[in-house]
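Same chain, two partners: chain A is paired with chain B first, then with chain C.
This part shows the complex of A and B:
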């Protein structure tokens, strides 16, 4: 982009190691993609108008465009519906590419703030989505205050946190793991 | 008096759907000389033909009118039926009440029925005057000339020779091998091109039925199918090939260095040279315009250099050890008689200079054919990948497809092989240099062919970058000597650019120089794009408009090696089917001159589109003569002859007039 053209993508900036990294992070069949677009025609991200939907994510990944991909938050919009995996004719497992890009992104803290909120909840309560005041609402409809998950079993929750502390979360969590 | 049978075909619903067959039949019964009128659902079927045969055999009918479809497809069938029943096969007339009537007037049933009556009336009027005609046969020369010694020509020659036919293989260059021998590897099998082709070249050269005539061109053509009389010009070699052993001494001691066209001028050869190391025949030639002997002889009349012949004795350098140098060699013209011809003169690739937007002045922008030579072990760098400008190893290479193809300014067609050879180049490089960065810019990737798509996917897996929807708009040379490539990536939905060390242009495949002229010698025509044209794309893919002249390989249009070979073997088969029976059938429906009536005006001679008419001495005067083998039965001469000296058999004046009268009658 030496001319200051903001819209031109400079392929020379491609980072070959990014492709390798994604492969190691689970996008094993990345290079099989022939850009047929079948995934994009079923992807809710594409339908919702996100700039980097699955087909473009895979292409940008294959071109080694690390910065472009990690600076964009589209990848976090994936709903994990797995339709792409169902329809992909080349068995690329596109969802795995999304996950790999997310893994790469989180390693360099390139993710939206609510991602960390979710992570903290996951670590603390065993639930990524943890709306406040749920106890009241459960009581109103005649349910026990806490759901029958780790949340209602302090012993289990401890063990669960122990497991999480042995994962990469230990390195990347921007909050204290007690 | 003739006994005419009229047979009305329903053609299923095709005719009966618009024409009232009952009414037409009743009408036909009233026509003069009509003895029998019948109808059938499909007259062309076996039972339909049997009806006609039966009537002929029983003596009820001796002239036949079939009111059905087009004579173009069905006349031969009904003629055979007549012949099988013992009647002259030309006592047949077809009234085309389908293509020219029921199909054209489908919504006007009354009109269609009236027109059918008229067409039948006209056919009946004509067949009353039918004359018995005989098919004639001429002698067939049992040999074939194959022009162009590339892979297509070689395979055609081998097949014909293996069938026992004499084959003359004429090649413009000193060696056979054509374009394929210049390729490094071939897709999709990645066979080494030279490794699979050289054994075939040797087989061609050693085949007892093949006479190999290289460094030669077709100069003139006389005659016609079955009896072509072709003059071949063998260019002066200035080296006696009977003596030359191919040792290569002259090619090393000759002091005159010139750009080597075999390697697209990327290195040099001498004025005395052998085309390439595996040349067949492995013989040297002297390139006269660049030879110092001839240059000095023309200027001063004295030879300034005879090193190839005499060597440099003071330095102990010997000249040609076989004493084969022959400065007084001359072009030689030889006449060859053949029954059929296969043209397989191949293609050439477009030059890069047309494409100013791609910086053709840069040495690092090369055509795909040049790149093929760069990666070839027999090329200018002996197979080592080097940037032409500075000899460094390129780290990033961009390949650009459709350069001059799919482009209204140059060629509208797809050159067909470029997508695949770009992938092949990528694969050759990636397998040799895994770290090299390769960007392939396509409009779209076309990989229709056996094992091609798999080749594409495999190549992508090697890490080759494929940019689609991205015809490159510009290649600029940057101050640092690198090349900036600008394109659009439709998968990224964004303009992109790339800094590359080398750019390879997949320039279009074009007909080689002289294709039209060569075609004209044989009366074979070229299509809009300049390739020689087949008679029918589907049904007659190897035949040309000229009888006995067949096509093989890229001279008919871009194709890959498997397709070229398939077509060349098809052409060999078609030529053999023509030549092997040893007889050539001449049309019975041809024109004939009554020399007594001919006034020698000669107006018919230039009018004939087939070159079949010439003036010939007859009773002391030049009179028109029509060569039956060449006459295609178009009738132009008969209609133009002011003395009415030309009879067009099957369409005599009497017949045509009767037909017209019947048509125009109220």
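This part shows the complex of A and C:
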């Protein structure tokens, strides 16, 4: 929302129940934030120039701005670096707020497509990152084509899938968990 | 004899198996027996289960830790995410019995259990705190001969320190990787963006231009302030950015230099006499100059 170069936030969009939802999803200390900006001063999202970086995300979360937060993709650019957790003087655990927003967003399928790709790979192969051509690369350095992970052990991979099927993935995955 | 469970993760065995080769070579030379963690999986990566909920995150990590516990070993990883994600999950489980209990209900269905007995190491801390710098020095065949190295410890090796079994005196001014590089004869001057993020990870996947622009800033500071022969990382994701990411920036004509990059286990393995072709097989930026400097001066 640009107006004369200033971002205007429409407070009529505030949704109290969203604050409660975020707390339940892990952002327990959300209300403790004093907007001191210490987190933003170290946050790579802020330094890289993402519009919604940590301090603003927490502000928006505390205002219950559900639609703005769920539509904006900034939270998916968080590096999970935990600098914010390390420096926050109020123990807000800001990274948990990012994760809570992601958790809320994924429930309404508002996440980048690569999120599903990672989850699908994790479930199918036991590896979220599953690049093509690894067999050749491994041979080149004299290692067996498959690493000794779940990739080499169908029985354990099946057990791992069974573990994942008992988690929230079962409800959320937009792909079949067989 | 020391033993350790080699936790591979995804990027090292599948994208950069030259790092896996190097880790195996280095551990063997150090007299550490490698225990394979059969059935181990992704840590899980932050954009997967951790972005769904805490119990799912913890259960996926506990699966990996339980494999190590069954074998009675600690684990070690060269990937920052694997270090951070598993240690954070462990922190939640060890601090909140109700999470641990839920996880064990899940694992119990497949005959596994998480106790919390295995320590999850990264290579920097393992070399520095467990092997020790004196032992490391004794095992080196080629001294680095004052090779100038730019250090990149990696975010997940540093923060959140509360979740990590081993940490730095000042997590915003880490010194352990520096000590390791210096112990094998390198020179590792400080530079002003030492702990800045390299931009790899979720930022690179979701905002690639911004990620590379952030990395470019860091690289330019490195070049200007210390003009190193080599960049050395403690994290395989940082390695991908410093090597392939840097090559991409050069190809796009956004930088006019290329500094070779290695993971710390590659550098140590080479200094111990590993086969260079294998130890650097997937590098995008040629390392000939660096290798000549290391091997030529001895």
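Basically, the second predicted complex is superposed on the first by the 171 of 178 C-alpha atoms of A that agree within 3 Å, B and C clash if a C-alpha of one lies under 4 Å from a C-alpha of the other, contacts with A are read in each partner's own complex, and residues count from 1 in each chain.
The rule is short, and it goes like this: contacts are C-beta pairs under 8 Å (C-beta built on N, C-alpha and C of every residue); 3 or more make two chains touch, one makes a residue touch a chain.
Note that this is a predicted model, so its numbers are computed, not measured.
After superposition onto chain A, partners chain B and chain C are found to sit side by side with no clash. Of the two partner chains placed around the shared chain by superposition, chain C is the only one that A:172 touches, whereas chain B remains out of contact. Of the two partner chains placed by superposition, only chain B is touched by A:16; chain C is not. By the touch criterion defined above, A:99 lies against chain C but remains apart from chain B after alignment on the C-alpha atoms of chain A. When the shared chain is aligned, chain B comes close enough to touch A:90, but chain C does not.
Legend: residue contacts after superposition of the two complexes on their common chain; A:31 is shown touching chain B, with no touch to chain C.
Touching more residues of chain A than its counterpart among chain B and chain C is C. Our angle of interest has its tip at the CA centre of chain A and reaches the CA centres of chain B and chain C; in the overlay it is 100°, to the nearest 10. Contacts of A:59 after superposition: chain B is touched, whereas chain C is not reached.
Nearest C-alpha atoms belonging to chain B and chain C sit 20 Å apart in the superposition, given in whole angstrom. Contact residues on chain C toward chain A in their complex (touch as defined above): 8, 10-11, 13-18, 20-21, 36-42, 44-56, 59-60, 63, 81, 84-85, 88, 106-107, 109-112, 155-156, 158-162, 171-172, 196-197, 199, 201-203, 205-207, 210-211, 213-214, 278, 281-282.
In the complex of the two chains, the chain A residues touching chain C come out as 25-26, 44-45, 47-50, 73, 76-83, 85-86, 95, 99, 102-103, 106, 111-112, 114-115, 118-119, 122, 126-131, 134, 137-138, 140-143, 147-150, 152-153, 156-157, 159-160, 162-164, 166-169, 172.
Residues of chain A that touch chain B in their complex: 5, 7-12, 14, 16, 19, 31-35, 55-56, 59-60, 62-63, 90. Interface residues of chain B facing chain A in the complex, by the touch rule stated above, are 396, 437, 439, 445, 456-457, 460-463, 465-468, 486, 489, 491-499.
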